[in-house]
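Next come two complexes, and both contain chain A; in the first it sits with chain B, in the second with chain C.
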Partner chain A sequence: MLEIKNLHVKLEEEDKQILKGVDLKIEAGKVHAIMGPNGSGKSTLSYVLSGRDGYEVTDGSAALEGDDLLDMEPEERAAAGLFLAFQYPVEIPGVGNMTFLRTAVNSQRKARGEEEMSATDFLKLIRAKAKDLKIDADMLKRPVNVGFSGGEKKRNEILQMAMLEPKMCILDETVRALMWMP
Partner chain B sequence: MTALDQTQVKDGVDQETVDAVREVSTYKYGWETEIEMEYAPKGLTPDIVRLISEKNGEPQWMTDWRLAAYDRWLQKEEPDWAMVDYPEIDFQDQYYYARPKSMEVKPKSLDEVDPKLLATYEKLGIPLKEQMILAGVEGAEDAPAEGRKVAVDAVFDSVSVGTTFQKELKKAGVIFCSISEAIREHPELVKKYLGSVVPVSDNFYATLNSAVFSDGSFVYIPPGVRCPMELSTYFRINAENTGQFERTLIIADKGSYVSYLEGCTAPQRDTSQLHAAVVEIIIEEDAEVKYSTVQNWFPGDENGKGGIYNFVTKRADCRGDRAKVMWTQVETGSAVTWKYPSCILRGDDSQGEFYSIAITNNHQQADTGTKMIHLGKRTKSRIVSKGISAGVAQNTYRGLVSMHPKAKDSRNYTQCDSLLIGDKCGAHTVPYIEVKNNSSRVEHEATTSKVDDEQMFYCRQRGMDEEEAVALIVNGFAKEVLQALPMEFAMEAQQLVAISLEGSVG
Partner chain C sequence: MALPQTKVDATEARIAQYDLPASGWSLSARKSALARLRDMGLPSRRDEYWKYTRPDTLVQADVPPAALFETDERPVFSDVDRLLIRFVDGVFDAEGSDDLALEGVVIERLAEAGTDLHWAQSLYGQLENNGQTPVQRPLAALNTAFASDGLLIHVTKTPSKPISISYEHRSETSDAILHHVVKVDSGAEVTILENGPAAARFNKCMEVDIADGATLHHVRTQGRDHERRAVTHIFARLGTESVFKSFTMTANGVMTRNECVIELTGDDAAAHVAGACVGDGDFHHDDTVFVTHDAVNCESRQVFKKVLRNGATGVFQGKILVKAGAQKTDGYQISQSLLLDEDSQFLAKPELEIYADDVACSHGSTSGAIDEEALFYLRSRGVPTDQAVNLLTLAFLAEAVEEIEDATLAEEITARIEAWLIRHRD
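And now, the complex of A and B:
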């Protein structure tokens, strides 16, 4: 599923090497945990895999189902099935949680050449998923993560994950730095 | 879209894709209607003023009013205090009157209108829905199209092409027609109100407009009447080198209500064009007017070539007690915008609200805001302004809140938020506050922020591309204003926000 080979990463702005040759092979259906002290590069690894700016890969590779991840834009990686649950989920004022998710779902579908999900289908799906996760309707209407409690933010990440149905999830410090695959 | 034309198309990309990209990334309304036009000679002289008046079939008093304005205009100077920069305008190198030849004999109903003109509005997506009814679709008159009806006055260059639903509105006692028709048919109302909110010599552009305005809309809502549908005017500039000077006059008599929307577009051209409008609104006791604008004049190309100079004077006068006015504007077009829709809160307990989104991209410049003049007791005003700049654009909020000595216990709340995209654009906030009594309260809040990298990455990790992400974040930023728009137009405005910011990231 995910294969990381000899990954070397430094900060783009300064001459600081963070990852020095990471090798990791993750098979479908298995949960893996990466552990290490603060500053050992756990978050960096998740950011590099998901394509955040500010890092430079100096050596090595990372592939998701054989496709080179490092060559893709962040949104292409998402459409390919990579999901990152953020350690600190970001607030987006004025944008309703539902609007955000619907845009995300349809962007990914579009990128994969699938048809957009209709408003009714989307509504049905999100209601069902929210119910499973014990998320109330009010939280779906509120702006993305704005004024959410710590727990609500994390649950919201899980809701997004459930809606986007990724192949490979990286949960950064969500349940103490757990990496797993549904 | 020149940038795209010069791009080498990669192998394997078919023409359809290229066209689709071109379609979405250009100004959607940049096409031109080929139609035979009749122009007044270039330049501005008393003879031109008389000619415009004559073409509109106006009575002598109106001609004299225009000529007096022309004399005043000669003595006035172009204002230069706004934070906008543009080459000097040669006022003698403009056409002041242009009308389609087919409009020489005024059509009596919409089905007498030149099909080319009707097709133009159809292409613009304007609900000239009555077309259907006039074409004899049985029962269409009773079936409200998509819930609510919208009556439209369509103005093409210097003339009004037609107004829909006039009969139905007449039943309710509402007068909705072009201003030239109002001057002929309802001179007593026009005489009483025209120039009573924006005096002839108010400012350079308003004075110019008073001399040469050619058409625009007129609305009168009689006492106690709630206008049965939304009214709207759609302005289209088509002719080249022609200024559009429209004049709108709205009167809401005691206890009445109306919601009014204006939209505007123009073809894509290399040369700039002048648009100087005046809108006057009179609101009597207990009446309420909502005025929404979606301004999408051609903004110029990505290098700042062409585009409309939009110099507009809009003012509402809450004459009666408890009168209410609400301005909502979405300003995405024009190369230069100079516009301050204002409220005179004369009646006791009257209220003024101003909600604005101004988006400037590429080389656009906007200097816009409002004036809240509190004269009556316990008057209230609220200003919510959202400025968004991208490219090398400059965006200025300029506002005045003035509490006069008699405006006891009045209140104002102002919120000005600016959002910057990229590092070459600018946002400026210039609030003026005058308080001349000690029982009133004025609050002002202002913020400036950048589209945050964290937010962008969060959106992209969930699958949105950069443009979708920016559009989403900006729409969230402007939400309070978008919510103030009538439902039918909120969606359109949201899409417009996204389109206006295309190419602003990456």
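And now, the complex of A and C:
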């Protein structure tokens, strides 16, 4: 599924090497956990794989099902089936959650040469998925992540996964910013 | 103080092309407007109020020609059930207009309003005159003196549909001056729509008197002709518990100066002025707003958002004046620009002047680029960059568009802005 070979990454702005030769092979259906102290490059690895600006790959490769990820734009990686669940999901005032999800679903379909989902089908699907995740209708109407609690933000990430059905998910510190209810 | 000779010359050169009408009820108001225009002189770059916007092309005697804009897009508001009134290059177009008949409203043309005593006499040029202090607005006085036509709209009861004034631009050198007077009687509610580029150069003035408990919704779009120029003034007076909501969308236009002067004279009134504009290249857009609170417990909101690219310029001058005694005033003002590149600029001068001690007034002004975090988040979910930028741009404008109360109108405005953004992709 995902194959990372000898990946070297430095920050674009300063001469600081962060990843120094990462090798990782992940088979389909397997769950892997990457652990390490703060600042060891866990988030950097997830950002580099999803295509965020600000990092420079100096050596090595990363491929999703044989396709070179590092050569793609972030939206192309998403359409290829990669999903990054953010440590801190971004708040986007003014963009409705529903509009956002529909745009994302249909952009990915379009990129893969599939037919766009109709408004009715989309509505049906998102209602069903939201119900499974106990996400109320109000959360769908509100702007993306704005005013969401830590837990709501993470649930919203899960809803996005459920709607986009990626092949490979990277969950960056999934339990960060969650309140534990003992 | 005597005016500088250059100013006198510029003013006289412009005035020379116009004649006052021989008679009519508006004549005395026109004569006094002409007198105050001569006292003030037309604006020049040296005037503080015109620091960020060069007035020369709005002032000069010759009209800078403006090419006609060819488009197959339907005019905005085409699908709205409305009373349509059309002007072509500032000339009333009877064939293109509906009959000026709408229950609850009396609509007449300024050019035909005759010599008899008229209700509009107590407003025509009067609100404009009130709005000349503390800041001079000579182009509005020019308008009052020499307006060739306009509408006198008296709303006695809430009509069943909006009044829609559509301005077409067909001549590359047209120079139009229109002056509307709107009076909304107590308890009535009306919507006035305006759209279109109007002329190569357009000077429009609208005086609005909103009686106690009355409501006026005003939604306008200023036409897309790239080379057109416009200076517009709204002078609004609000009575007790009255509401005035005005929204303007501007896409393109090489020169636009929209001034809005509002006086809250009755308690518990609310005035909202909002604007969303999108501009590219030579686009220059100036919103100049002056809100005076002269009564208790009134609310005012100014929400102006500008999207600028390829060297476009946006200007905002907004003032809230709270007079002594205007307690419990709630004043809000925000002006923001989204600069899509480093060549564009936004110039803002927010002002508060407060003489009452129990008020809440806030103002904010920002300029910024697209939020990179949000952009990456959208892209990581598969949304292509240009589409993501458009989504974020519409989100940026949303606070202004949301000032339109009618959801259908707001949707149409949003769709128009989106179409503009798609057309102007690199």
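To be clear about the criterion, the second predicted complex is superposed on the first by the 174 of 182 C-alpha atoms of A that agree within 3 Å, B and C clash if a C-alpha of one lies under 4 Å from a C-alpha of the other, contacts with A are read in each partner's own complex, and residues count from 1 in each chain.
What we mean here is this: a residue touches a chain if its C-beta (ideal position, glycine included) is under 8 Å from a C-beta of that chain, and two chains touch if they have at least 3 such contacts.
As the structure is a prediction and not an experimental result, all values here were calculated from the model.
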Practice item. In the superposition on chain A, see if there is space for chain B and chain C together, and answer fit or clash. Key: clash
Check your understanding: Regarding the shared-chain residue A:Pro74, is it in contact with chain B (first), chain C (second), both, or neither?
Key -> both
Practice item. Please work out whether A:Leu171 is in contact with chain B alone, chain C alone, both, or neither, and reply first, second, both or neither. Key: neither
Point to revise | Which of chain B and chain C A:Ile126 touches, first, second, both or neither | key: neither
Exercise for review: Classify the contacts of A:Leu140 with the two partner chains as first (chain B alone), second (chain C alone), both, or neither.
Suggested key: neither
Check your understanding: Should A:Val90 be classified as contacting the first partner (chain B), the second (chain C), both, or neither?
Key -> both
Review point. So, A:Val9: does it touch chain B (first), chain C (second), both, or neither?
Key: neither
Practice item. May I ask you to decide whether A:Leu45 touches chain B, chain C, both, or neither, giving the answer as first, second, both or neither? Key: neither
Practice item. Using the superposition on A, tell me which residues of chain A are in contact with chain B and, in the other complex, with chain C. Key: 50-53, 73-75, 77-79, 83-84, 86, 89-95, 99-100, 103-105, 107-108, 111, 143, 160, 164
Study note, to complete from the structure: Per the touch rule, the chain A residues reaching chain C in their complex are 50-53, 73-75, 77-79, 83-84, 86, 89-95, 99-100, 103-105, 107-108, 111, 143, 160, 164
Check your understanding: chain A touches which residues of chain B in the complex?
Key -> 452-455, 457-466, 468, 472-473, 475-480
Review point. For chain A, which residues are in contact with chain B within the complex?
Key: 50-53, 73-75, 77-79, 83-84, 86, 89-95, 99-101, 103-105, 107-108, 111, 143, 160, 164
Review point. How about chain C: which of its residues touch chain A in the complex?
Key: 371-374, 376-385, 387-388, 391-392, 394-396, 398-399
